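Heads up, the next two complexes both have chain A, just with different partners, chain B and then chain C.
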Partner chain A sequence: MVIYGVYIVSKSGGLIFNHDHNVPKVESECVFNKHPIDLKLVNENKKVVVSFGHRDGVAIGHVLTSLNGIAVTGSQLDDGRDVFEAIENPANFPLTLKFARLRVTTNEKIFLASMFYPLFALASQLSPETKSSGIEVLEADTFKLQCFQTLTGVKFMILSEPGQVGLDILLKKIYELYADYALKNPFYSLDMPIRCELFENNLQALLEQTEKSGNVSHI
Partner chain B sequence: MAIHNLYIFDRNGSLLFYHEWNRLKQSGMSREEEAKLMYGMLFSIKSFVSKISPLDLKKGFLSYKTNKYALHYLETPTGLKFVLNTDIHASEVRELMKKIYSQVYVEYIVKNPVCRLDEPIKSELFKEKLDELIKQSSYYTAKIA
Partner chain C sequence: MSRAGTRVDAKKVNSELFTLTYGALVSQLMRDYENVEDVNKQLERMGYNIGIRLIEDFLAKTGSGRCYDFKDTAEKVQTAFRIYLGITPDITNWSPSGDEFSLQFESNPLTEFVELPDHCIGLKYCNVLTGVLRGAMEMVQMDISSVFVRDHLKGDSCTELRIKFIKRIEDAIPAGED
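After this line comes the complex of A and B, so read on.
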């Protein structure tokens, strides 16, 4: 069982806790011998992104992280040169470019948490059946997201590999930990980000134990 | 086991086709408004999924489930979107949706020269064949409302 991460969203849609458990690194290095390179790169959101082309593990959406070992920040190399100019100049070849799929930053996580909130509500509104809840399980080809909403409106979410079963039990266990270690902490105020060491340690232990046994039911 | 309803959207998000079989709750708005809301939700889910995914997506968003129904999503490379709502126990819905696309949509809309591809589907033949396919699928059984 692989668990990518755990998120807790408050009643009002704010991210109050997130834990990256086992996020795989997607990185690849390519050597280009001839000018021009056979990938189409564009500047998107202040990053150099692959917009067309596919080779040696590099796919659309990957971001350029280094050129000949020199790190890239935005569309500039750390020695001050512009990335596009460096790639366009035949004298610089052969080039070694390193691409990676960027990890979600904390800001993006907050954004995603608040984005899930209306999706959850819409799923219930557009339901063809009466009295439907919001999204409980969302599946894509690379992951599965399981969501559990408590009676008080707090949402617990787990991101795991696709086809994983028994996540609902794990979510209830996390809820238990939340009730025990976060809510009973006198220094924790409701709807604020959870910064309780005890909660984090116990959660970490629970996730590790679950991953090892591959099964949640007998914990 | 039940199939609730089907939406087909084109690449620009306009509703090409809607049909319902066992729908127990109406959304309380006009069909156009509902379709816009549905498309907006799918669009957001797609962007949500592409951002939160830890690995590179291939097919992307596949389905979601609530406690009462499951929504299955199929998008063709041309941007045509099929949305089928079923009960939560239905299995192999993806195969059925692929059949709807390849055996009904392609056969009776794409291969019909009088059907325009960017306009809502009015073909009676398409409706008939679709109904036939849905009704003969193993998990179509009318639920008592």
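After this line comes the complex of A and C, so read on.
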């Protein structure tokens, strides 16, 4: 069982907790021996992104992180040169470019979590049957999102490998941990981001145990 | 050899410890406020803050679903008393419209070893419970009020807590549930 992350969204739709558990790191290095390179790069959101082309594990959407071992910030090399100029200059070859798929930043996570909130509500309204719940499972070809909403309106979400079963039991266990370690902490105020070390440690232990046994019901 | 009998559940504590801790809290409040009305109010407020957190613990551990009538609620409240205080109060005195009932306690762990002195006659010693109930119910979108109508400590034959349903908090019901 592979779990990518755990998210908790408060009653009002704000992200109050996230935990990246096992996010695979996508990083690849390419050596280009002569000018020009066979990947199309563009400057997008202050990053140098692959817009077309595919080789050695580098795919569309990956971001350039270093050039000949020099880190890239925005579209500039750390030694002050412009990335595009450096790549265009035949004198710089051979070039070693390192690409990576960037992780979601905390801000983006907050944004995405609050985005899920109306989708969840919308699903229950679109339902042809009355008394429908919101989205409980959302599947894609590379992951599965399972959501559990408590009676008090807090949402617990797990991102995992597709086809994973038993996530509902795991979500209930996480709810118990939340009740025990987050809410019983007198210094935690409701609906605020959870920064409780005990909660984090116990969650980590639970996830590791689940992954090892491969089955939640054995815990 | 199994020693199950001697093992103590990590999450269970001796009720006497709880009783005495609560006693210390009430007597401290009496010293701080010197006015039984204020103490009653403070106890209720503290209870409320406990209730809004405790409800999650109850839901997570029992896995119980939403109540669609007040009879259901009464039974769940009874279960909660068993879980958290180790007592099973009787559910009695339903109002004809089914929106009001009483919980009767034969014994109450909070009031063990307690006698009210004369100057505390207006003190609702267990008032924390009314707050807990209100807070917990509010989190599951139910507005209730509760009040002690009879009290062991005041010479009644039993302790009676009257609980009244006021309304469902419609605008707080989470999406996908209404």
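What we mean here is this: the second predicted complex is superposed on the first by the 219 of 219 C-alpha atoms of A that agree within 3 Å, B and C clash if a C-alpha of one lies under 4 Å from a C-alpha of the other, contacts with A are read in each partner's own complex, and residues count from 1 in each chain.
Just so we're on the same page, contacts are C-beta pairs under 8 Å (C-beta built on N, C-alpha and C of every residue); 3 or more make two chains touch, one makes a residue touch a chain.
If you're wondering where the values come from, they're calculated on a predicted model, not measured in any experiment.
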Chain B versus chain C as contact partner of A:A71, first or second or both or neither: neither
First, second, both or neither for A:S132, with chain B first and chain C second: both
Partner chain in contact with A:A123 - chain B first, chain C second, else both or neither: both
Which superposed partner A:L198 touches (first chain B, second chain C, both, neither): neither
Chain A residues touched - chain C or chain B, whichever exceeds: B
Which superposed partner A:V42 touches (first chain B, second chain C, both, neither): neither
Partner chain(s) touched by A:T142 [first = chain B, second = chain C, both, neither]: first
Partner chain in contact with A:L102 - chain B first, chain C second, else both or neither: neither
Those residues of chain A which chain B touches in one complex and chain C touches in the other: 123-124, 132-134
Complex interface listing, chain B residues touching chain A: 4-5, 20, 22-25, 27, 34, 37-38, 40-41, 44-45, 47-69, 71, 85, 87
Of all residues in chain A, those that touch chain C in their complex: 11, 117, 120-121, 123-124, 132-134, 149-154, 172, 175-176, 178-180, 183-184, 190
Residues on chain A engaged by chain B in the complex (per definition of touch): 4-5, 23-24, 26, 59, 61-62, 101, 104, 108, 112, 115-116, 118-119, 122-143, 145, 159
Residues of chain C touching chain A in the complex: 52-53, 55-57, 59-61, 63, 65-66, 139-140, 172, 174-177
